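Listed below are the structures to be examined.
Okay, so chain A shows up in both of these, paired with chain B first and chain C after.
Here is the complex of A and B:
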C-alpha cells in the first residue's frame, strides 16, 4: 500500500491528483478521493500536485494517519472511479488557505 | 533557509530517463519530484526513485575508501585514504602487468549509472590503454541489437509519443507499468482514440491485467508466434505488396520459409489456441497504424535473436512503417548522436585483446578461460554481479580467491563489494553532473549536481582520472574535466542536435532531439533503413558474417567475435530447457522459471532500501500457480526451495493464477541478505547464451520447487 489520501482532502477534493494519475486509481465520494491500492503503480505523481498536501507515501505517514491506509483500501472498493478532474468542493480555497497557514 | 530547485535526470538503466527536480535546503537535498514540464515523463517519477534522497542519505551509504581486514566476503573493512587506496591499486596492477600481462586485469561494469560520461564507457579508455581483458557486456538487448542490425538496422523506430496515433498496439514481453511507466499515458490516449491493446506475456502482469487482450504464452516460445503471424499474413494476402517491392529484400525466401510455421505448429509450442493466433495476425495486419513495442525479456531464451528477427520483419510485411504510429519500437537510443568512439577510445587498444563475457564471470574467475593468463585483478563499478549473474556458486568461489585482487566502486556494500579488497565510495546522481541519452524517448537530458559529494565519494569520471594518473598515463585526454567530457560526448554538428545548446540544456534539463514531431515521425515511410541495402532485410546480408555483439557493448573492440554461422532467414529455435525439448531434465525439474524485473527494484538497485523492501517484501518471493503449489503441499506464505542441477535459492510462496500452470516467477533484484539461503535467483539460471549477441537465457530455465 504505497500512496494514501488522508483526511486533509476532506472538504476540498481538488482532484488535481486525478489529472496526473496514469492508471485511473482514484475513487471518490462526496467528501474526498481515495487511492485503490490494487491499481496504484506507486509513481507518486499525485503527491506534489495536491494543493493541500493530502497524499503521502504509506511509509512516511505519521502514526495518527496510519488508519488511512485501510480506509483508502476499503473506500476504493465501495466508491466509483473518477476519470477526470472535477471542480473543487465549495469553500475549498478558504479551507486550503487555512491549512497552508497552519 | 536557502531553498533552491535543481533540475537533473534519473541515472537508472530504465527507458524513461525522467527529468527530476530536487529541492535543496541549506546544501541538503530534502525531496525529489518529477519535472512537470517534461513532455514524456510529465512530472511523475516511480516507486524506485520517488524517495531518491533516502538512497543518497541512507545510513548504509559508503562514504570513504575501505580496505579489507577480514577474510574474503566477511564484510570486515577498515577506512583508508584515497591516496592509500589508489596507490595500492596502481602498485598491484603494475606488478600483475609485469608478471602476467595486462590481460590478467578484468574490468566489470554496466549501467548502475546510465549517464553518458559516468556510465557504460567511463572506464573503457583506461582499460583499452592498459590492454586489459575486454569486458563484453551483453546484459540487456544485445540479441535484440544484433537482430535489429541484421533486419532493419539501428533505427530509433517509432517515437514512443507517436503511439497516440496507433490503432493496434502490441506490448510484447514488456510490463510497461512496472518498467516503462511513463509510456503508459500515450498508450492510454491511443485507447481512448479507439486503439486495441494486446499484451503478450507468460504472466498476467500489471500491464497485462489492464490490456484489452492478454495473450499468455509459454516462456521462450515467442518466435513461434511471430513466425506464425508471418505465415498467416502472407498466406491470407494481408501483406502490403507495394511496400514489400520497394523497401524490402528477401520476401520470396521468407515466404517459402514461413510455410512450415503454421498456426497449429505455433499453438503446440506456445500453448496459445490456434484461433487466437490467427485472430492476432489478422487484427494486426488490418488495423493500421499497428505498432509493436518489444521489451528486453523477448530475447532471454535460446532463440531470442531470431525472435527479434521475426518480429522485426512484421511491420515491413504489412507496410506498418508507412504510418505515423506504425512500426516497431525497441531502443530510440539510436537517434542520439553520441560520440561513442571518443567515449570508448578503441584506437588505444592493442591489436589483439582477450574478450570475456560478463555472463561468464564466475567461469573466468575459476580458471575457465578461452586463452591467456588467469584473472588476477577484477575492477567492478556500476554493477553487482553477485546478485545478478548466473553460476553464482562459481562466482562466489572465484571472488573468494585469496590471490584475486578485487576493487569495487559502489554506493553500498553490495553482495559483490563484500568480497572486495578495496572498496571505493561513488557519488549518487544528486552529487555528480552528466549528460543523458534515453532508450525510451527522444529527449537529451542534463543532470546538474544538486548537492556536494557526501563524505569522500567521487564520480566515476574522477575515479578514472585518479587511476590514470597513478598508472603513469600522461595523455591529457585522461585528465579532462567533467565539463570538457560533456562537451565532447556528443556530435554537436549532427542535425539531430541542431538548435540545442549545452548552456540551454543546463537550464531546461532536457531538449527534444531535432527530429520531426511525434505527429509527423514516420522514419521508414519511404524505406531508408540503416542496413547495408537501405531496405528491410527479411533475408539478412549481415548474417553472412556470423554471430556478433555490437561493439558498443565490448569497449569498441571489433575482434574475437562469437562468429557462429547464422541462418539469414528467421527461424524457430526451441528453448533449451522445457518439458518438450528436454524431457529427461523435466522429469526432475518440471517447472519453467522466469525472473522478471521486480516492480520496486531496478535490477539489484534498491534491494537494500526500506521503502522499496516494504513493497517487494524483505525476503525473496516466488509466484506459483495454485495447482503447482497444491501438488507440492505448498500453501501461500510457505518457505520454499527452488533448485535445479546448477544450484538453489529459497523464497516465500505467493500463489496466483496470474501465471500459467507449469511456470514459476521469481522477480530479480533481491540481495543475498533477502534470502534465507544467502543466494539469489541467479543461483539456478543458465549460463547458456541466446542465439545472437550472447544475450542471457533467463526465461529458459527448468527448476523444481519444494517446501524448504
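Here is the complex of A and C:
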C-alpha cells in the first residue's frame, strides 16, 4: 500500500518530502505534491518530515480522504517529477500554523 | 553523454568508498552536476547496495526495490563499480587521494556501541547488528552461531534494529520461508525455542526511536502478540516541538496495551530500565536493570532482573575510526563540516564523507539522498581549487594492489544467479553467502 499526499499540502507545498524520498516518486503542480504509487516503496520516510502532516499510508486514510488515492495516481501521471526541494509556496508558514492550532 | 575516454585529461575524477545508499546517492549527485566527472565506486564486497542488502530485514521486500534506483545510477555515463576491492592496506586511502581529485567516504557506521556492563561477553550475549548481518547472509557473519535454545530472549534498545531482531525471532518459518533470508538463518530460526521476547528501553514509552510503521507490524504476526503494560503512564502533551514519530509510536503502544493475548509467542515492551549487569555461569542467565526513566546508572536504587538465555544489544552504532582520518569521538562519526573532513576546524582538501559516517546512524534510506547531496555540493565547490592528482587511477590496478574487480555487469550475473537459485524455493533470491561463490558466479571479473 503506497503513501498518499492529501489536500493538507495544498497551498503549502513545503517539499520536505522530496528531499528524503529514496526513489524520486514525488510529482508536483502549482498547488501541491503527489506520490506516484507505481514507484513508492512504502518506506514512510516522508510522513514524519511533512510540516503539516499531509502524507498518510493509503490504508490509514479516513473515509473523507480516500479519494486522494486516485487523485495521487492520476496527477502523478500528468505532472513532472520533482527531484529536489523547492521553496514553500507564499503564505505556507501562516497556513501551517493555522493547521497546527486546529 | 560524454565521448571523452574515462579519466581523460580535463575531467574530474572522484572516488567513492562504499557501495551502499549514501555512496550511490553521492554518485548520482556528482553525475547529475553537469560537470565532466568520472566516478569510481569502490566496494569491499563483490556485491553492491550495502545495508539495503545486509541491513533491511528480509520481510521488507518492498523497501529493497530501492535497488532499482541504484541500478539506474550505475548506468549513468561516467560511473564505474569496483566490487571486491577493499581500501585499506593496498590500495590505501592516500593512494586513492593521489589518483583522484576528491575521495568520498561512504563507509557507514560499522561498530556496535557496547553497553559497558559486566557479563557483556558471556556466551548467549550478542550484538543485534551481528544477528542482522547473519540472517541477511553477510559473508563476514555466515559462520556466526546464535544459541536459540532459550525460551526467553531480551533485546536492549528501542530503535528499529531492535524491532527487526524481535520480529525475526517472533515470526514462524512459514512467515519467513518466501523472503530472501539466508538459508542458514531460516534453518536455525525454524529450530528456535524462543517464545518470549522482551524489548527493553531506557526511556519512557513516549520517547522511543521506533518508526510507527514498523511497530505496527507487531499487530499482524501469525503466532506472536505484542504485550505492553503502561500502568498509569500519563497522556502525552502534544504541541509545538513534539516528536510526531515518537507520539505515533506511543499511541500504538497504548493500543497494544489493551489487546487480548491469544497467540503462542509474545513480544513484551518494557520501559525505563537501564541495564546494569549480565549474570550467568558460563552462559547468560539473567540481566539486571536499574529502574527509572532516562536510565542514568544510579538514578534509582531499585533494580529488577529478567531471566533469559539469549540477549541482544541494539543501542546504536558508530563509524569505525580510520587511521589518518579525523574522528569525532563524542558523535562516533568522521569529524566533518557539511561532509568536508575537518581536523581542528580546518577542512582537509579533497576528503569528504556522506551517510552514517557523516551524520551518525539515523534516518530512513532516503535521508541519505539529502545527506549526499549536501556533501557533493561541497565537493563541487572545492573541485576547481584542488590540484591535478599526480597519478592516474590506472596505476592502482594490476599486481598486488587491485588484481581484479567485479564490475556492474559482473554483479548483474551474480544477481541473476541468485534469483535463479531462489526460484524453486519461492524466494525472491537465494543469496550467495561466501565470497568465492560470489566471485565464481560473477563468471569472470575484470582482470587488471
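Some points to look at:
Keep this in mind: the second predicted complex is superposed on the first by the 101 of 102 C-alpha atoms of A that agree within 3 Å, B and C clash if a C-alpha of one lies under 4 Å from a C-alpha of the other, contacts with A are read in each partner's own complex, and residues count from 1 in each chain.
The rule is simple: a residue touches a chain if its C-beta (ideal position, glycine included) is under 8 Å from a C-beta of that chain, and two chains touch if they have at least 3 such contacts.
Remember, it's a predicted structure, so these values are computed and weren't measured experimentally.
On the shared subunit chain A, the superposed partners chain B and chain C overlap sterically. In the overlay built on the shared chain, the residue A:84 is in contact with chain C alone; chain B does not reach it. Set against each other, chain B and chain C touch different numbers of residues in chain A, with C touching more.
Once the two complexes are overlaid on the shared chain, A:57 sits against chain B and chain C alike. Look at A:19: by the touch rule set out above, it reaches chain C but stays clear of chain B.
By the touch criterion defined above, A:41 reaches both chain B and chain C. Comparing the listed stretches 296-304, 314-322 or 386-394 of chain C against chain B after superposition, the clashing one is 314-322. Note: residues 20, 22-23, 41-45, 47-48, 57 of chain A belong to the chain B contact set and to the chain C contact set alike, using the contact criterion stated above.
On chain A, the positions that touch chain B within their shared complex are 2, 20, 22-23, 41-45, 47-49, 57-59.
Residues 19-24, 41-48, 53, 57, 84-85, 100 of chain A touch chain C in their complex.
Of all residues in chain C, those touching chain A in their complex are 21, 62-63, 65-66, 68-69, 211, 213, 240, 244-245, 248, 363-370, 373.
Residues of chain B that touch chain A in their complex: 33-34, 36, 42-47, 50-51, 177-178, 181-182, 184-185, 188, 206, 210, 599-600, 610-611, 614-615.
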